[in-house]
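Paired with subunit B in one complex and with subunit C in the other, subunit A is shared by the two complexes that follow.
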Partner chain A sequence: MFWKLSAPVLLTFIAGSIVLFNFFVKMPLAESLAGEMLRWDIIVKAFATALGAANLLRIHSRKVQGKDQRTKLLSATLLISMAIYTAIGILKGHQSDLYQFYFRNLFTPLSATMFSLNAFFIASAAFRAFRVRSAQAAVLLVTAFIVMLGNTGIGEAIGKFVPSSKDWVMAVINTAGARGILIGSSLGAIAISIRVLTGLERGHLGGVE
Partner chain B sequence: MLRAGRSTMLILLLAYVIAIFYYVTTAKKGKSLGIRRVAGLDALDEAIGRATEMGRPIHYTMGLQDFEAQTFASFEILRYTAAQAAKRDVPLIVTNFRPAVHPVTEEIVRGAFMGEGKLESYKPDNVRYLSESQLAYATGVVGILERENVAANLMFGPFYAESLIFAETGQKVGAIQIAGTTMTAQLPFFVAVCDYTLIGEELFAAGGYLSKQPVLLGTLMAQDLSKMAALLLVIVGVIMRTAGNDWLFKLLAK
Partner chain C sequence: MQSLVNWIDRVDRRVIYALIFICLFIPLVRPIGMPVGISPTTQMAFDKINSLKPGDIAILSPDFTPGTEAENLSQTVVFAHHLMSKGVRIIGLSMRPEGIMYAERVLTQLAPEYGYEYGKDYVVMPWKAGGESLVVAFAKDFQGTYPEDFWGKPTKGTLVNDVKSINDVAVIICMVTGDEMQWYLRQVEAIYKVPVTGGGTAVTIPGLMPFVASGQLTGVLSGLKGAAEYEKLIGKPGRAAAGMDAQSLSHIIVMLFIILGNVAHFYNKKKNKARRAN
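Entry: the complex of A and B
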């Protein structure tokens, strides 16, 4: 039980307290300790990346041996591209022309394709959000109409009051709402950090109560 | 020696910590602390129940950050979801973006299944690390939502541009969707598409709300109290600055 519960809580408390102390107090010892903690973080993440790669290999190797033809093909594609890209990275280095060629001509266009889906998704989400089913939805529709119109040339052509109304909505109403959420979120984040630091919150420790 | 500009911040933090421990002690003494209902968290059971009835899996994503406050809040929700999924024999698929978060989610899900006495139902392959590249991860999640035909899509944590991609795909496959984040730029997307959304601080209340532990409920009381204090500071600050007095502004910057 000590290694499963008390040790992680104790380590969290010590590491967290050092970093917190360094945030408020200027002291060379605390500064170097906090810096060291952050370096350890990088090392832990490097090991975690290896674990992540192992997880991918395990799951997709099993899927390649499975019966579902479509999954088999997708998993094989993943494993082959992972092997090729890792080999190029190790043998030629990640700054090499070959590595950069694959990155620019394969990875970047694929990512851009995925990101561009947002354009269509925004339209369908907006359609759902703007259906006037309640007074609140009507307010949303009117506000969105003003903001969208204010962002286009037509808004400017209708009159100067359109872009200035849009600016007012964004600077006053939108900012006030966002900051309200931000203040509440920040206080919540501090509360959960204190709970984790003092061991009151233990959800991250798995099944240990 | 205190760092410049952080003295008031330290005093406010200490006051907050004192308030938290005061309410925790009060809760430990057995005093009942009322807490408002959070529809998004109440709906978790509905989502898991729906997945049970349909015999289709639940998908859970922790968002795109390493260990930060939202991730810790999400761990609590994951633990509850995994325990309920184990109890009802519903497959739970967890997809991870950060490799460091991945082993923790594995341990949480395994622990929850063990806690319910269903360790034999736990499938390690259902807790998956996908990619640390934002859009590659999004592609992986979309593929899983479509191929596995999920009945419930749960998204709790920090999200960015992929939020709408997830939510719209979940909508397309007919999944009941619950999301929670503090990212103000993504909240409108979740509100527009998901069935329930935890807005900002509601996400951080999950631990206490779901576990019903008095100690955690005590910290929620302190959270609410400090919110009132912050609101008061804002109102007083606005009045003072409007009147040309910047004493409070300077005090907070000390």
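Entry: the complex of A and C
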């Protein structure tokens, strides 16, 4: 129980307190300890990246052995691509022409294509879903129109008031709303951090209450 | 009339796709040249970069993936042009492994145009894991965090020698599609008061506007339009200006379909109401 529950809570408390203390109080010892904690954090995150890759490998290796032909093909493509890209990176280095070729001519166009499809889906979805069914929907629609028109050259051609209205919506209405969300989420983050530091929140330890 | 309304109401999505495709394709082949004004946030970012002196050091951080290349790469290119035209020394780095490829590509491609020399005028740092912790680490000790560059060569002897503390950096320019801008604002601007500016995809801008209002973010380029505005300011029309016509027309099509959809919606609503009354 100690190694599963108390030890991680104690470690979290010590590490978190050092970094927090260093943020408010400038002391050489706290500075060097916090710096060390940050270096560890970077190393742990590097391992997390490797863990993510290993997990991807595990999940898709299972899918390749499955019965669904379509999933099999897609998972096999992923695994082969992953293996080739990793091999090029390790053997030739990420600065090599081959690695850059793979990135520029395969990864970039594929990724950009996936994102570009959004333009078509959003156009179709906006047409079907953006109906004025209530006063709130009407406000949303008018605001969206102002911002969209303000982001186009046509808005500029109609008159200076269009981009000015868009700038006003973004700087006043949007900022007020976004600031509220930001402050709310920050307060939530502070609260959850205190709970983690004091050991009240233990979900990250595998759901042990 | 009813049949037209019904057609609009149930228009095949492929018709919308086709129209969007045409509106995106034609202006890219034959630009229309729609006017581009300058928004206040773009002007702020431009003024910040314009105030830099030759020899100052700027961090150029393209923190995006290929999915948002159309918006973020255009922003990276205009900032790099402006920095190089001012003789500002540049450190390219990124919080994303894909982003570092863009930093290397943009700086290497533009360097000959301005006579920039690797090591002396610009350097590219390698990608490192860590996210926000990495920002904290290099803000505390840049040289210790980056002992080697993108090519695996020591950064000692390069312009990194002059970054003894993060305060030796005049500005951080971050092109973002996620949370990286907030990392710089939280860990560098708030603590060390190093100015931060940059650009974001149009969808990230609403979340960044509170930081512009508070003065923590010294202007920001909003999507492709922001990049096109910046191109106009530095007098170098490029990929953003070319893409603006396509974006404008596609926005118009989206708005047109929303209007048509609502006309059909209200027509049917009125008709149903009249039918019920009878």
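The rule we apply is simple: the second predicted complex is superposed on the first by the 192 of 209 C-alpha atoms of A that agree within 3 Å, B and C clash if a C-alpha of one lies under 4 Å from a C-alpha of the other, contacts with A are read in each partner's own complex, and residues count from 1 in each chain.
The working rule: a contact is a pair of C-beta atoms (placed from the backbone, for glycine too) under 8 Å apart; a residue touches a chain by one contact, two chains touch by 3 or more.
Just so we're clear, the structure is a prediction, and the values are computed from it rather than from any experiment.
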- Task: Give one of first, second, both or neither to describe whether A:115 is in contact with subunit B, with subunit C, with both, or with none.
- Result: both
- Is A:56 in contact with subunit B, with subunit C, with both, or with neither (first, second, both, neither)? first
- Taking the superposition as given, does A:182 touch the first partner, subunit B, the second, subunit C, both, or neither? both
- First (subunit B), second (subunit C), both or neither: which does A:204 touch? first
- Message: Just checking: does A:67 make contact with subunit B only, subunit C only, both, or neither of them? Give me first, second, both or neither.
- Response: neither
- Task: Using the superposition on chain A described above, determine whether A:191 touches subunit B (first), subunit C (second), both, or neither.
- Result: first
- Go through the superposed model and pick first if A:128 touches only subunit B, second if only subunit C, both, or neither. both
- The shared contact residues of subunit A with subunit B and subunit C are 45, 48-49, 107, 110-111, 114-115, 122, 124, 126, 128, 178, 182
- Contacts from subunit C onto subunit A in the complex sit at residues 11, 13, 16-17, 20-21, 24, 32, 34-37, 39-40, 65-70, 98, 101, 104, 128-131, 133-134, 136-137, 140-141, 150-152, 202, 205-207, 209-210, 212-213, 222-223, 225, 244-245, 247-248, 250-255, 257-258, 260-262, 265-266
- Note on the structure: The subunit A residues in contact with subunit B across the complex are 23-27, 44-45, 48-53, 55-56, 58-59, 62, 70-71, 74, 107, 110-111, 114-115, 117-118, 121-122, 124-126, 128-129, 178, 181-185, 187-196, 200-201, 203-208
- Query: So in the complex, which bits of subunit B are touching subunit A?
  - Reply: 1-3, 6, 9-10, 13, 16-17, 20, 24, 66, 68-70, 72-73, 75-76, 78-79, 96, 98-100, 102-104, 107-108, 110-112, 114-115, 125, 128-130, 132-136, 138-139, 143, 147, 161, 164-165, 167-168, 182, 184, 187-189, 191-193, 199-201, 203-205, 207, 215-216, 219-220, 222-223, 226-227, 230-231, 234
- Item | Residue ranges of subunit A touching subunit C (in the complex, touch as defined) | 35, 38-39, 41-42, 45-46, 48-49, 93, 95, 100, 103-104, 107-112, 114-115, 119-120, 122-124, 126-128, 130-133, 141, 145, 148-149, 151-154, 156-157, 160, 163, 167, 170-171, 174-175, 177-179, 182
